[in-house]
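Two complexes come next, and they have one chain in common, subunit A, joined by subunit B in the first and subunit C in the second.
Right, the complex of A and B next:
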């Protein structure tokens, strides 16, 4: 009774806080929590997405997903996108951010603008433009490369299963470069100028400043940037749809396009929403696991960096 | 009213309360979308129908609007158009039904789509309306027979067509006369051997500027097009309907994959097709980069729009040098397109709209605008303004398409279910394997054998599964021993 009274009193006391929280909670439950829970439920049914699911199949969908080489191929490709984002894009953007953070660099705002432009460019347009640019028959990239003698013959960048994945990885890197750059630039702004001035007075070289001041002071924010980059890189659906649609021979298939094929592709006479949900759940769990695996390491780095 | 100025805290409270109420209302409204929509009678008493269409081909939005305005002038019935992107149409209309807000009439294109909608009881039976309006007389004799029309489900007329049956059943070779001449040829290739030889010569002469041939898209339909001229068309989907046996290993299929694989490995095709969408091939053709390719009916008008001065023609798809082994199989009189909702509040008015969509006026206007051969043959077959390529399409279709059996159309409910189950398994089609063979230069025959084993096992398993229900199906339902692929097929009475 007392506890309830206390709870009621606390709610009454913080009623405005709860009221302000309500929109977010309602939206979160309606558009995030509910779809997640529902997809778990649907994954246990052989369901085509219409009417209530009735054909219970237990773990059959999960078993089919886990035993599907096509799913693991898509998973591997999705993971490669993350690997490139974390292993290549993050360090490269950090390098550019450090350069562009230098107040002595003339026109740095212009460079920032140019690097950020791909982020705000529509992916469908990016897909079309790259398809034209990389066309093996007359595309200007091949024309230049063969013209200057770098290539003996045109490369089928998006049409060969040997080069398609690498090509879309590069396009994805180019498109996402600006946003990670902005994260790093924001992080660099948090380092007080006094520290750099002190280092300068002490005679530190640029390399020493980078190694002993910039990088250590960026680590706490870097963990957040890492997680953001990792999460956003796991879903290159729009880029793949706009360039290769997962082909050729599923060389660029990612989990999102795999799921789309089973749930929404008009070529599928009978959509398999239940199966698609199971694929989504398995992928979600794997992503969660990969994210959690990073946590202890990141936590150690974070605690060390923040003293 | 108080004169006290609004404090910052009070303002924030107000905004917070408003946002909370707004969000809650917007989310809770999700549960309201399932409530029946209000009757669509306007305040003036006139009926307002909703039709769900796709804005395809280009210019269709304006065309439909003009046509529906004419319909309104004649009938007083207003038409509200809901447009969905082609790829999203089925999902969008399904959602409209689920939310109890279905369109009165909707575009439900293709047999699979009609299966999906009719099996859920969402399409209205049109038999009585059609008979009283004299619809059968508008089409060739026997075209609306329930077993072979392609528009019936469970013996009921569930759809009306937009295009002719041939238009949706076959393709043809589109060729550039100038590029053929550059290769030293005065006519298009007539056999698959010529197809390869001509293409090889022209590609060599093009030196990377133009090519002898191109494949139709990233998932090319060329293999099946060539296969249908060499052997029974059903082998393209893995079953020889003459025997009811699996047949991916049949030479009529294996030979065509090998032909394309050989040409691909010799770099004869225009490169890059592996990532092309369906529109790219005719765009490249219009740019005079390809001498010939196997295309579909709607390509011709698009080519003319892109390059009005291009001198090109249309011919039949090449056949084997040993002679024609079969034809494109036309499994039904028509492909379904327009359906009327079983839940419409205004069935009589909705029927008037359906009737309008298969009227001579509409079908003629559609042909005039898009040059698509519509379901009413009289609107285009004898048209005075037919272009050379259009005459070529008519000749090519007449020469290369024959009526053929199709269990999905003329079979019983059990075999229809079996076919639907099969088409829901993309790994039981040869598309992935043949593409792998072509792009990686691998031998297709072992892959075909593997596919045969898989399909055979699936058929046995699914037949047993379906037979355990109230439906009945057996291998005999896949066997049409009376079918001669070189003749028009008609089901026994």
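Right, the complex of A and C next:
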């Protein structure tokens, strides 16, 4: 009784706090919580988006998604983007960060600025710029490569299903490189300079310093960078939609473009919202699982930080 | 040893130039005549510089209108996000209101749940609200989903301000709202700046949300969406596309170059904490 009384009193005392929290809670419920739940709900309907969903189809959408080779193709490509981000972009940016972190390297701020510039630009716009530059009929990349004899004939980088996927992966790497580089540079800044001084006094070589000081001291922050890089790599929609729309022949299709096609593509006869939601739910669950796999790493870091 | 380090410039200089060459190409092509582009001129300097492409992009391809739309869209998203995350951060950062831990826990948990695939329910919700016919719908869809990092930034900052400040204001007779508005918020200018900058850049570069919300309203397109439809319609007008890309990228690159220190420090801070 008294406990409830004091809780009520405390709530009343903090009424202004709740009022200040209200805008955030309203938007959170409407645009974060509800869409997650509604995706599940809609996924059980055959629904073209007109009026409320009425035609309940049970698990039919899910079984169609799981049995669709086109979905798994998009799924595989989506994870390829993450794989390149984590497996290529992360180590490569670390090497650049170590190089650019050296205070004796002149002009390192300018290099950092140049490498970072693509990050702040609009993905859809630079995607189209790349499409023009890589054009097989007169695009300057092909002109130069054939001109100096590196290529016998122009390559349709974004238009042939042999090269399109690799090309968008490289553009994506170019676009995201700078941000991971800044993460690593920030991580390197956390290593106190006197550790390096001590190693130098002890006569350690550059390679020994890297192997026994830099890398081990980076491990805790590296898990955070891994998570950030993984999450931002999961959504290559802007780039793909602007350059190839998932083509040619679905060679560059990712789950986001797959969903967009079923729900919003004007060329689609009737939108299939329910089916698109089912695809989103399946993919969301798989991503969640992969994120949770990284959780033990993170927990260890927080335990260490607090303990 | 020192000389060996400087040898890296032999690799870094060409690499960095190649890295930003797409931007060089955009600027140089935007000033070239269509004829020069067609003849495959590879030179960086236009032979006969012209403004025709900008005029065509601005007027014929509607990039004047798109620029205005993007400015309005970005400004509105920034306003909503700053307002919502500042008030929420203040409520969570000062005092011990019941339920605070639950709210913070839920917010942090959503950071780890992928929610890039919920565009359909968001679209449907905005439609039901009757807001699908203007930029307001797109603004809500972009600003609505919880901006957890922004909220936590405000929360951390407000909780670090001394209690005496609040007590003194209260003795002077100020209420909760006035303390927030006249004492605390002015002190939070650095955080407002960081949040504004990050939100502005991501709003300016947004593509999926404005694309979906302007499918039936070409006059409301933002620059990214406008570029996409321009490319779909006039695939071969390379110099026009380059001029349009210039118009789209110039504002955001300028903002970044002026405020790059704040930007880089903001990202670095997010990783370290």
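Everything that follows uses one rule, which is that the second predicted complex is superposed on the first by the 264 of 307 C-alpha atoms of A that agree within 3 Å, B and C clash if a C-alpha of one lies under 4 Å from a C-alpha of the other, contacts with A are read in each partner's own complex, and residues count from 1 in each chain.
Throughout what follows, a contact is a pair of C-beta atoms (placed from the backbone, for glycine too) under 8 Å apart; a residue touches a chain by one contact, two chains touch by 3 or more.
Predicted, not measured: the structure shown is a model, and the values here were computed from it.
J.: Look at where subunit B and subunit C land on subunit A after superposing the complexes, then choose clash or fit.
T.: Aligned on subunit A, subunit C clashes with subunit B.
J.: Does subunit B (first) or subunit C (second) touch A:244, or do both, or does neither?
T.: It touches subunit B, and subunit C stays clear.
J.: Based on the superposed arrangement, let me know which partner A:93 touches: subunit B (first), subunit C (second), both, or neither?
T.: neither
J.: Does the superposition put A:223 against subunit B (first), subunit C (second), both, or neither?
T.: Neither partner.
J.: Is A:264 contacted by the first partner subunit B, the second partner subunit C, both or neither?
T.: A:264 sits against subunit B and subunit C alike.
J.: Output check: A:272 vs subunit B and subunit C. Expected answer is one of first, second, both, neither. What do you get?
T.: The first partner, subunit B, only.
J.: What is the contact status of A:114 with respect to subunit B (first) and subunit C (second): first, second, both, or neither?
T.: The second partner, subunit C, only.
J.: For A:50, using the defined touch cut-off, is the partner it touches subunit B, subunit C, both, or neither? Pick first, second, both or neither.
T.: In the superposed model, A:50 contacts subunit B only, not subunit C.
J.: If you count the residues of subunit A that each partner touches, which comes out higher, subunit B or subunit C?
T.: C
J.: Taking the superposition on A as described, I'd like to know which of subunit B and subunit C A:61 touches: first, second, both or neither.
T.: After superposition on chain A, A:61 lies in contact with neither partner.
J.: After the superposition on A, what does A:73 contact: first (subunit B), second (subunit C), both or neither?
T.: Neither partner.
J.: With subunit C in view, single out which of the stretches 133-141, 151-159, 223-231 or 277-285 of subunit B clashes with it after superposition.
T.: 277-285
J.: Is there a shared patch on subunit A that both subunit B and subunit C touch, and which residues make it up?
T.: Overlap of subunit B and subunit C footprints on subunit A: residues 16, 20, 23, 27, 30-31, 49, 131, 138, 264, 266.
J.: If you look only at subunit A, which of its residues touch subunit C in the complex?
T.: So the residues of subunit A in touch with subunit C come to 7, 10-11, 14, 16-18, 20-21, 23-25, 27-28, 30-32, 34-36, 38-39, 42, 49, 99, 102, 104-107, 110-118, 120-126, 128-133, 138, 140, 143-144, 174, 179, 182-183, 185-187, 189-190, 221, 224-225, 228, 231, 234-235, 237-238, 241-242, 255-256, 259-260, 263-264, 266, 273, 276-277, 280-281, 283-284, 287-288, 291-292, 295.
J.: Would you mind writing out the residues of subunit C in touch with subunit A in their complex?
T.: Interface residues on subunit C, with respect to subunit A: 2, 5-6, 8-9, 12, 16-17, 19-20, 22-23, 25-26, 38, 40, 42, 83-85, 87-88, 90-92, 94-95, 97-98, 103, 107, 110, 112-125, 140-141, 143-146, 151, 176-177, 180, 201, 204-205, 207-208, 211-212, 215, 223-225, 227-228, 231, 238, 241-242, 245, 248-249, 252-253, 256, 260, 263-264, 267-269, 271-272.
J.: Along subunit B, where are the residues that touch subunit A in the complex?
T.: My answer: residues 13, 16-17, 19-20, 22-24, 27, 30, 86-87, 89-91, 94, 98, 112, 115-116, 120, 208, 211, 218-219, 270-275, 289, 420-421, 423-424, 426, 432, 435-436, 439-440.
J.: Inside the complex, what are the residues of subunit A that reach subunit B?
T.: Result: residues 16, 19-20, 22-23, 26-27, 30-31, 49-51, 131, 135-138, 154, 156, 158-161, 164, 243-245, 247-250, 261, 264, 266-270, 272 of subunit A touch subunit B.
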